[in-house]
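A, B, C, D, E and F are the chain letters, set down in written order, and residue numbers restart from 1 in every chain.
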Amino acid sequence: MLSERAKRGKAIRDAAFGRAGLATWEELNEIAPVHANAILEYCFGTIWNRPQLDLKTRELIVIAAGAAQDLPEEVEVHVRGALNRGASREEIVETIVQCAPYIGFPKTNHALRAAKRVLDQWEKREDWKSI
Amino acid sequence: MLSERAKRGKAIRDAAFGRAGLATWEELNEIAPVHANAILEYCFGTIWNRPQLDLKTRELIVIAAGAAQDLPEEVEVHVRGALNRGASREEIVETIVQCAPYIGFPKTNHALRAAKRVLDQWEKREDWKSI
Amino acid sequence: MLSERAKRGKAIRDAAFGRAGLATWEELNEIAPVHANAILEYCFGTIWNRPQLDLKTRELIVIAAGAAQDLPEEVEVHVRGALNRGASREEIVETIVQCAPYIGFPKTNHALRAAKRVLDQWEKREDWKSI
Amino acid sequence: MLSERAKRGKAIRDAAFGRAGLATWEELNEIAPVHANAILEYCFGTIWNRPQLDLKTRELIVIAAGAAQDLPEEVEVHVRGALNRGASREEIVETIVQCAPYIGFPKTNHALRAAKRVLDQWEKREDWKSI
Amino acid sequence: MLSERAKRGKAIRDAAFGRAGLATWEELNEIAPVHANAILEYCFGTIWNRPQLDLKTRELIVIAAGAAQDLPEEVEVHVRGALNRGASREEIVETIVQCAPYIGFPKTNHALRAAKRVLDQWEKREDWKSI
Amino acid sequence: MLSERAKRGKAIRDAAFGRAGLATWEELNEIAPVHANAILEYCFGTIWNRPQLDLKTRELIVIAAGAAQDLPEEVEVHVRGALNRGASREEIVETIVQCAPYIGFPKTNHALRAAKRVLDQWEKREDWKSI
């Protein structure tokens, strides 16, 4: 049974990542419910729910943090989030390009190719859109 | 002698970091002029000079990339840049808070303390303001 | 005003790190209260409060995670935590030695020197003991 | 021809990882015998062979160090080691959950999914058990 | 249309990696032309084009930097570069072995296995040779 | 009492780093003799003692691995080692410059400034020269 904060986090997550985002969370919930709950309650329900920055800017920031740690899967997920939050293709690509001198070219290449995988498929994937 | 692109980069850098930003660059220029030139020509003159994202958003993105790699000095420099580009104290702090679940708490703490060092001194430091 | 979970987290933190642990948290609370609250509520009040592993083993695990990310300040803090949770000097040092082949020697050296700074001072510092 | 220390290390490794652990080592031995020997002699024969910590705790520590560096393959191997050294499913999952606030959620997710891959297969895999 | 410096960089890249190196660059050029241009102009046309170190030594240095950041794909590419610049199998393997105590064994294992994938295929792959 | 291999490692270390290199090792030996012994026996006595690469090239490789992991103290130590093994100022600086596109500019800046600290002092420090 989810707390109010976790329910709110769930709604924020679903609007960001669509149905395709559920599978990973359910896998985590099966092995470590306390962590799956922290994703909803702390990460989405608390941090993503604040008014100081709009959701598009938050997605670009998390893309940068993902690229900087060489996490292309994370970049992929948040490129979908950025598109669902109204970012343009140009803004997303530029976020990664802006990181290049600060993170080095191999990580930049990985993030750009991750972004390309999403952008190339975006029109065809209903399960990536906000729910 | 600087290329046109490097001159443009120099102006972008000086507007972001003020006089205090010069010392590190000069130290790098003394030991590795080719790298110091790449900072001006490639990093500031090419990447920071593009229209796809505004300069404030770029600063927030670079703060995120710095926090994610545990580079508090880099965070410090770009908090100054963000302030010079019109970011509010709240937007800067929120950028780091947004990274917390994605980078872990120790790196978050380092970045927040770096931001605090700048924010606490901002009013008193003329050499941090745009030139 | 702290939630019940945050109060519980505060008690766990104070028993682990003593009075010396408060200053950093207060600095974080001044700049980013939402993050300072997550430290108490999520990190200490939720994760550290579970029965699946004893507190000494948790401290050793966090020392390993700190050493692996080259965070000597974090190692220092959790060496104090480990001592307050009943770990012996030998167990703490061995935790870092065990990491050496997996994290490389420079990070190992940093963690061992951080541990040494605590172990050399332990008897003299009342503010590091559980409160 | 292995030294006494390397032979001892080989026995420790085989008890930890079973027959499935041999293939990677043999691949390394083919390309870099000096490194393959260091794995047996220094890593397993020297470090893992000390009395200051029991083997189960060592496995949990190495899982934490692997998760903290985003090395899910390494986590997978040492989850098998932890099971062979008597750790419960709960202790293994909790080790990763304990790392979450210190390493961030993406690395935590990778480690938990790696652990799940082993735990889901454990009963079916004879080649993962101690030899 | 490429600048003179970018053309020179292209030639250096093609001599290092052969036809197989083109596909990744073209993918990057499709999504982020400014970054693809920086690869040619700044990375290959400026840095790789300097006389202070020979090309073989540069390849070994980049293999070390790739291994140290756990980038096995990058290691793979530059092992091909090192072979095309006259490095022996022994020098390449030794470069990674030399890194082992400084980067830890898991990253070393990944880099050695990446090197092995190239060395095992070298004689059979015409598209990896200099053009 | 040191093994033959550890004695050989000690001689290699002293020729690389001079008297100034001893203090850190002694500090490590006080807290973790097994690790201090591995430094001599495995790292210097085994790896650094092999004929496949000359000692100057090994120092450049370790500088690259240190820069790539943002370990400026490690860079500092091995710049001294490189100078003692006959590397020129230009070769050392170029090693770091070569890493820049692969590791990003902040880490490059840290490594260049670390190198500068050594190069600026080299003539004045007798305790940095080979013993």
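Just so it is clear, a contact is a pair of C-beta atoms (placed from the backbone, for glycine too) under 8 Å apart; a residue touches a chain by one contact, two chains touch by 3 or more.
Everything quoted here is computed from the prediction, not taken from an experiment.
J.: Out of curiosity, which chains are bumping into both subunit B and subunit F?
T.: A, C, D, E
J.: Would you pick out the chains that touch subunit D and also touch subunit F?
T.: A, B, C, E
J.: More C-beta contacts across C-E or across B-C?
T.: Comparing C-E with B-C, the pair joined by more C-beta contacts is B-C.
J.: Between subunit A and subunit E, two touching copies, which fits better, same or different residues at the interface, with half of the numbers shared as the threshold?
T.: Since fewer than half of the residue numbers are used by both chains, the interface counts as different.
J.: Roughly how many whole angstrom separate the Cα centroids of subunit B and subunit E?
T.: 30
J.: How big is the gap, in whole Å, between where the Cα atoms of subunit E centre and where those of subunit F centre?
T.: Chain centres of subunit E and subunit F, defined by C-alpha means, are spaced 24 Å apart.
J.: Measuring from the mean C-alpha position of subunit A to the mean C-alpha position of subunit F, what distance in angstrom results?
T.: 41
J.: How far is the middle of subunit A from the middle of subunit D, if each middle is the mean of its Cα atoms, in Å?
T.: 31
J.: Please set out, as single numbers or ranges, the residues of subunit D touching at least two other chains.
T.: 34, 38-39, 42-43, 47, 50, 66, 69-70, 74, 93, 97, 100-106
J.: Which category does the touching pattern between chains fall into here: line, ring, star, complete, or other?
T.: Shape of the chain contacts: complete, all pairs touching.
J.: What does subunit D use to touch subunit C in their complex?
T.: Interface residues on subunit D, with respect to subunit C: 39, 42-43, 47-48, 50, 52-53, 57-58, 60-62, 64-69, 74, 90-91, 93-95, 97-103.
J.: Contact residues on subunit C for subunit A in the complex?
T.: Of all residues in subunit C, those touching subunit A are 34, 38, 41-42, 46-47, 50.
J.: Which part of subunit B faces subunit C closely enough to touch in the complex?
T.: Residue list for subunit B touching subunit C: 70, 93, 96-97, 100, 104-106, 108-109, 112-113, 115-116, 119.
J.: Can you name the residues of subunit A that touch subunit F in the complex?
T.: Residues 101-107.
J.: For subunit B, which residues are in contact with subunit F within the complex?
T.: Touch list, subunit B to subunit F: 24, 27-28, 30-32, 34-35, 38-39, 43, 66, 69-71, 73-74.
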